[in-house]
Amino acid sequence: MNKEEMLEFLRKVKNDEISVEDALVQLKTAPFDDIGYAKVDFHRGIRQGANEVIYGQDKTPVQISGIVKSMHEHGISNILITRMSKEAADFVSKNHTLEYHEIPKAGIAYKNENIKRTGSVVIASGGTSDMAVCEEAALTAEILGSNVTRLYDVGVAGIHRLLAHSETIMKARVIVAVAGMEGALASVIGGLADCPVIAVPTSVGYGANFGGLSALLSMLNSCASGVSVVNIDNGFGAGYLANMINKMESAEE
Amino acid sequence: MNKEEMLEFLRKVKNDEISVEDALVQLKTAPFDDIGYAKVDFHRGIRQGANEVIYGQDKTPVQISGIVKSMHEHGISNILITRMSKEAADFVSKNHTLEYHEIPKAGIAYKNENIKRTGSVVIASGGTSDMAVCEEAALTAEILGSNVTRLYDVGVAGIHRLLAHSETIMKARVIVAVAGMEGALASVIGGLADCPVIAVPTSVGYGANFGGLSALLSMLNSCASGVSVVNIDNGFGAGYLANMINKMESAEE
Amino acid sequence: MNKEEMLEFLRKVKNDEISVEDALVQLKTAPFDDIGYAKVDFHRGIRQGANEVIYGQDKTPVQISGIVKSMHEHGISNILITRMSKEAADFVSKNHTLEYHEIPKAGIAYKNENIKRTGSVVIASGGTSDMAVCEEAALTAEILGSNVTRLYDVGVAGIHRLLAHSETIMKARVIVAVAGMEGALASVIGGLADCPVIAVPTSVGYGANFGGLSALLSMLNSCASGVSVVNIDNGFGAGYLANMINKMESAEE
Amino acid sequence: MNKEEMLEFLRKVKNDEISVEDALVQLKTAPFDDIGYAKVDFHRGIRQGANEVIYGQDKTPVQISGIVKSMHEHGISNILITRMSKEAADFVSKNHTLEYHEIPKAGIAYKNENIKRTGSVVIASGGTSDMAVCEEAALTAEILGSNVTRLYDVGVAGIHRLLAHSETIMKARVIVAVAGMEGALASVIGGLADCPVIAVPTSVGYGANFGGLSALLSMLNSCASGVSVVNIDNGFGAGYLANMINKMESAEE
Amino acid sequence: MNKEEMLEFLRKVKNDEISVEDALVQLKTAPFDDIGYAKVDFHRGIRQGANEVIYGQDKTPVQISGIVKSMHEHGISNILITRMSKEAADFVSKNHTLEYHEIPKAGIAYKNENIKRTGSVVIASGGTSDMAVCEEAALTAEILGSNVTRLYDVGVAGIHRLLAHSETIMKARVIVAVAGMEGALASVIGGLADCPVIAVPTSVGYGANFGGLSALLSMLNSCASGVSVVNIDNGFGAGYLANMINKMESAEE
Amino acid sequence: MNKEEMLEFLRKVKNDEISVEDALVQLKTAPFDDIGYAKVDFHRGIRQGANEVIYGQDKTPVQISGIVKSMHEHGISNILITRMSKEAADFVSKNHTLEYHEIPKAGIAYKNENIKRTGSVVIASGGTSDMAVCEEAALTAEILGSNVTRLYDVGVAGIHRLLAHSETIMKARVIVAVAGMEGALASVIGGLADCPVIAVPTSVGYGANFGGLSALLSMLNSCASGVSVVNIDNGFGAGYLANMINKMESAEE
Amino acid sequence: MNKEEMLEFLRKVKNDEISVEDALVQLKTAPFDDIGYAKVDFHRGIRQGANEVIYGQDKTPVQISGIVKSMHEHGISNILITRMSKEAADFVSKNHTLEYHEIPKAGIAYKNENIKRTGSVVIASGGTSDMAVCEEAALTAEILGSNVTRLYDVGVAGIHRLLAHSETIMKARVIVAVAGMEGALASVIGGLADCPVIAVPTSVGYGANFGGLSALLSMLNSCASGVSVVNIDNGFGAGYLANMINKMESAEE
Amino acid sequence: MNKEEMLEFLRKVKNDEISVEDALVQLKTAPFDDIGYAKVDFHRGIRQGANEVIYGQDKTPVQISGIVKSMHEHGISNILITRMSKEAADFVSKNHTLEYHEIPKAGIAYKNENIKRTGSVVIASGGTSDMAVCEEAALTAEILGSNVTRLYDVGVAGIHRLLAHSETIMKARVIVAVAGMEGALASVIGGLADCPVIAVPTSVGYGANFGGLSALLSMLNSCASGVSVVNIDNGFGAGYLANMINKMESAEE
């Protein structure tokens, strides 16, 4: 039940087309996404430029293609598909317009080339091995309407490389710090920057990194203020949140 | 070396008052906090209303009192002291104006009652046991200049209590979700809200919560978008970041 | 808004005492605990004989006493307080009728001696060290209206002790198996019994039990069917669920 | 030795056909499955409609086929085979009547189409990725004789989807809550429902879910009462226990 | 330097064929396996019937074949090769007499059919999935000269199956208890038996068994006396130790 | 029912003093410790010289004293009480003859000074910090009737100290290797000795020893054959098993 | 900006070829690797004989080949490539001079055969399974200019093998101790040697070694002084550090 | 048997004062600390200026005092006692000359004020909370004869503080990097310095630092070369190793 339907429903109550007893039952059993919470989702889509994101990892090419078809028929464009294999991309491409990015394994179906981008999201990482996660974050933020600056060569073991970009860091509205191994990048950037830092631990490394645990714990224990953490390898989550913060408007007085 | 000093230094080079060889040495050995990065810290204090936060846990009452004295003499007010024992508070109160909050074990020395607060930070928790962490977050955000709304009775095991406050949740600019045990609050709020959600796992619980690990992992794996996580029991970190996001201004076009 | 209020509200819509536009707003903002979900809690209390349980661990004697007072004034009896210290019990006893059990550290305020008990819950444990958890489970099930049989001497290292009680085990409607150390009791009982088995790992032991982890993992991996697990040391949860299962009525045809 | 044989044996002792000394030896060495405990297993099969379940994971197609053949020859039907590969299913199908379900990788050999189903088991999950585990639970409960309702679109990040089905949840006799990632579904359903909730953590997710650990710990720490937990991905165990609870009959007065 | 060589060396010192100074140097630099400790190894081989065991897991077929060749040329028979792939076995068989056992992936090169076996080692397990580990233990004990009794159908979830074999258990000189999942078998057997029990946790299972951790912790926390534990899946180690204990002779008065 | 009672019972069946039907019931419900398994326990006590061991950790002085009294009245001497506080020892001493050992916190009530000791158990440790665990093992083995040799200064960081005692090691019938920190002692001794080695990890150490985990894992992964492991700090378990192995008699031909 | 460029830049300031305002901007934005810290890297290369190391694991053959080409064109030889697959080596060999070592999967491009080696690095391991890690360490130290002695047959389970090489151990300037399983080698060597010992835990083993965790914890808890630890399987890191220590020169008076 | 005694022994063999058979026995049973390995320890003490270190944690004041007395009587001075309580220090001071340092809880008995110090060890930490560990490292290195520079205000969250000391860092011969929380200091220093870096994780922090685990894993995964790690809070181990490296002399040509 959307807003119009709700008004229509209430008019029927008013006009005796539906009894108050029946109305009570309908209200109690109506799916909640029809009277309130679904609007949230709907509004969210309109406001943020991406109506839905498809997590491709556990879905077959046929399933992904079906969801894309359904969304496209409902007039949705700019459909982001994360963790999508090359095979799935090839399959979806047969019937749909798809832009596929191999490094982050992400696809954008029915891309709207006219997305207006604003603000400034900086995505920083220490090594090339973290690039897949970085690009997932970058694509997500871009498709949602944020300007993205990539700083992909700034690991803490050569701190001067990072310091050389301190201007960029200080001008950012929000920074995504992506790092595996010891994950120290988040703390160092958190100490340099004035803005929120979203830390993304990655599973890059071996031995005592235990699948990203070392970077995760390191980032959670960051001694710098303004740093928060998302799941290991969760580039999408970081990009989504970065865009959300980047799009913040001034609080009303 | 601040900007003016740097210009003066370069003028001396120009005017042969200092040789290029000596200038090279000075540039290489100049403390970096004298030419740029220290300003960051200084600016940060001015801009955010709290010049410095004292982490009281591993400090003696004498040490805390000494730091407060030093800061006060430099004209700093609104000095937040976290994880401060009652004993330390009593000691510091002898020589300084201190407002002490017993639940979060936090003190504010030389409080400036005229802090102007803006925006809207919502701090939500499921049970009364999490209140110490919540209040640490709330006090931090308030002292830094944010309006704070407390929702302390909204655990997911009685989801209607949370839903009853959905208006508050939807109007928030940023939400801090504090929860121990299964930590599900962050996901549920993340699904309801349009704004960034900062999840704070707490060590409240027993048995298989392993000192907060259950809530921590739960929050990191949140299936809701827009959620990020800080360290277990880190109310201060959440409040600091919440204020930072709450104070965001609109991006320039 | 309860059922009557809701009908009244709908009548007002019908009679033009409230406009459909205003009705829309009211429906969207009505607290959910006023139209449905709060009733659930209320009904639950009536149906199960215990209106509320107080988790005493993180509460002061004053707080516990206050909650008991409030509940008592609302006509509630049989108030169970778990993880309550002796000190808290002494304090509460000053102003309220309280039956205190030292081993499980549980109190029952304003106990209703006329609780009718039905069915058959068996609570089994291997050693005397697990008795506090067992008694918490037993008291909970009893206060909620279940007959409880205690089997406290039946550890798997002397399997004949358990087998000697096989009649009791086979006649149970539901069994709570409490064990620390290797937690094997749940599997052995699960293999003997026809009814649901609720396994409670305890933190009893030392060294490689890691605070109950060994028994927890052991029980989760039980090769017997019909076994499920609650948190380490969670006697209350097991007793509550045991009573719930014990009270099951036959499904309608 | 069954009951009749035992009586016969005792009669021989009485009639001096066997000396008391020899009887002593026989009693001490008689296999216990001949005098009591084996009957349990036998009765269980008759009473519950499934004589035996074959865990297919570590068995070869030949082994599975052999066990099916043996059971079939003993007049057993409705043989459930879990974790059975497509290859094994193809092999078994050559010689036996087999209904194979690809998603849960489960087979039913010599299915009895006339199983009478009673009661109400609800199986709920948050995402499509958990479907294999859900279907294993559903098939198990159905083959054992329970009515099953599937709610597969009700994750907590969009709480309204779950609330839209609150009628179904409240009418259930027992609920299986299947969830990966943060596993919050169990707590939310536990708060809504009056009946036992069996929580099944799944290994769905990545990074800090550590193979299902996050959902497992989350569910064990559920702040809702009436919730217990089975092993990660253990759909069979949940379905088996759900059926057991669903089939509960009223306790005698 | 063996005993004879050592005596010869000392005679040379006596006869001035070697100066005391040179003798000092020789003694200090002589490989220790030449004067004492190597004898241990040598004696061990003679006494136990297997001179050397080859751990095949990280070795190529060529390497294994080479070691077998070297040992055979030194007159060694009954060469046990553990964790040997079928491919390696096929390769080694080309040039050597090899008896290969597929289930435990173990080979015996140049088997001595006349090994005299003594005593009584019982190897018990709960399920067929543990058979590979059991057979590795059994083969090891047998090749070293122990009589082995296999009890492979005695899991604790059907305790009567185990009890039916209590005579066998009580007559054993040493028992190897192999179990995955909850690993309770070791405790139950430990409670029944009078002899040392060697517990072998296996990695059989899924979910919260975490690669054998659940059985490992369970066995380490066994409340039965006389139980000790070897590494997960370490059938060889258990068989080796079982043989060692089985071969114990009476202590001298 | 002991052997005599069982014969008497069977005679009654024979003589019609008890009907076969009643006999059936009695046999099925007779406590199993009366017809078979209890004898095991009883025999064990007689054979091993210690009828019962009291684990004192979770028991009050009154409880311990009561158990000692009960055992003493049944004619039992040499009662070992482990993990007994000084306070408990003082209390028990008031009414009973007690020999108390402060380092291992172990007491022996009604000690039989005439225990005959046989064989050779060697207990080795690396540092003085492990002495409490060592002494618990030593006392246990001694009270059960084993000769014990203590080697308490033989840590692997000074390997010569261990090698100086190689004669002792090589002559042992069974060795208990007690070590915290890196737990390497078990492997080194396992490489030197021909006899079974029981490794006891201790919680001695700090930091990354994680309460004994480092020594535990180290010992489980020992590359030496003939080594098995008991729980962290479980001196009693090691001493009990060591005595059991030490008392082994030659297998019959 | 290197030293010469910096002097040139300062001269321009002096000579008014660049204004002080512009100079300020240039200094603040100049990449830090141009004014100081990069020199460190540059100097390091010259001093140590290997300008750069390529971590091959996450790079494609094309990428590796491209980096080698770039470095070669800048006059760099002795380029070490670690964790390089056979396929990558074959590809790189097409266009470049490459010496490939299969066991450690390491390549050296444009090897300088005239490297002068000094000092003494000893690399010790217990078993052949650790050889890949050992050789990675050895090659790294050799290519950087250290003499390397390999002791690959000295596991602690046969301590005499290690003691036979005590002369070599005592003469080393630095020792790399590589071990999987229980990792005891580091402690034993640490007790024998006078020089720094770098411990490398390996993932060799199974079961409770948990991917190298057992050896890692064991080495971190070493009771020998002078031992430090690098990441699991990190042969390169150990070889690099060993060379660094080996090349130490005497401190100035 | 020292060198002289060994020569004497061999002379006796030569002169027939001892038979070759008896000599064989003596050689086999001679304690190894008498012919070689004990000298190592002795030499070590002489060479390094500290004959012995007393780990005070698990020792009573009486025990510590006794060991000090024994060492002093053997002419040893500069006796370092680590982890020594104030109470123990007061007790030892009664009878011995003791310099006690409260922060690192370390004592030096019979301090030799004339220790000559050489080289340069830098000890860096991020916060004042790590000072106890730092001072333990510093005192250890100083008492062993190294010059120590303390850098205690250089955490990575304010990277400019560290960079201001880059000259000091670059001139160090060896650096000890002490850090809790995220432990990033080791990587940043490792990237700046040319010398070996010994990383010491500390248990400082809370929540997800899990007693130092976060810093430990972070340091083990350091992406900087030349970094190795010691146990959590092991200041002594770091100081000992730092002195050992600092004292390195140039390798012979």
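Letters A, B, C, D, E, F, G and H mark the chains as written, and numbering starts fresh at 1 in each.
Everything that follows uses one rule, which is that contacts are C-beta pairs under 8 Å (C-beta built on N, C-alpha and C of every residue); 3 or more make two chains touch, one makes a residue touch a chain.
Owing to the predicted nature of the structure, the values given are computational and were not obtained by experimental measurement.
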Contact-pair overlap exceeding half with B-H, pair selected from A-H, B-G or B-C:
B-C
With respect to inter-chain C-beta contacts, which pair, F-G or D-E, contains the greater number?
F-G
Chain C-chain E separation of Cα centroids, rounded to whole Å:
50
Whole-Å gap separating chain F and chain H, where each centre is the average of the chain's CA atoms
39
Intercentroid distance (Cα basis), chain G paired with chain C, Å:
59
Using CA atom averages as chain centres, what separation in Å is found between chain G and chain H?
25
Which chain B residues touch at least two other chains?
28, 36-37, 158-159, 163, 192, 207-210, 213, 216, 220-221, 225, 231-232
Within the complex, which stretch of chain D touches chain C?
36-37, 40, 43-44, 47, 53, 118-120, 166, 170, 173, 192, 194-196, 198, 216, 220-221, 225-232, 237-238, 240-241, 244-251, 253
Across the complex, what residues on chain H touch chain A?
126-127, 155-159, 163, 180-184, 186-188, 190-192, 205, 207-210, 213-215, 217-225
Could you please specify the touching residues of chain D with respect to chain E in the complex?
29, 31-34, 36-38, 40-41, 57-59, 201, 203, 211-213, 216, 231-234
Where on chain A does chain C make contact in their complex?
3, 6-7, 10-11, 13-14, 16, 20-21, 23-24, 27-28, 35-36
Chain F contacts chain H in the complex at 128-129, 158-161, 163-164, 167, 204, 206-210
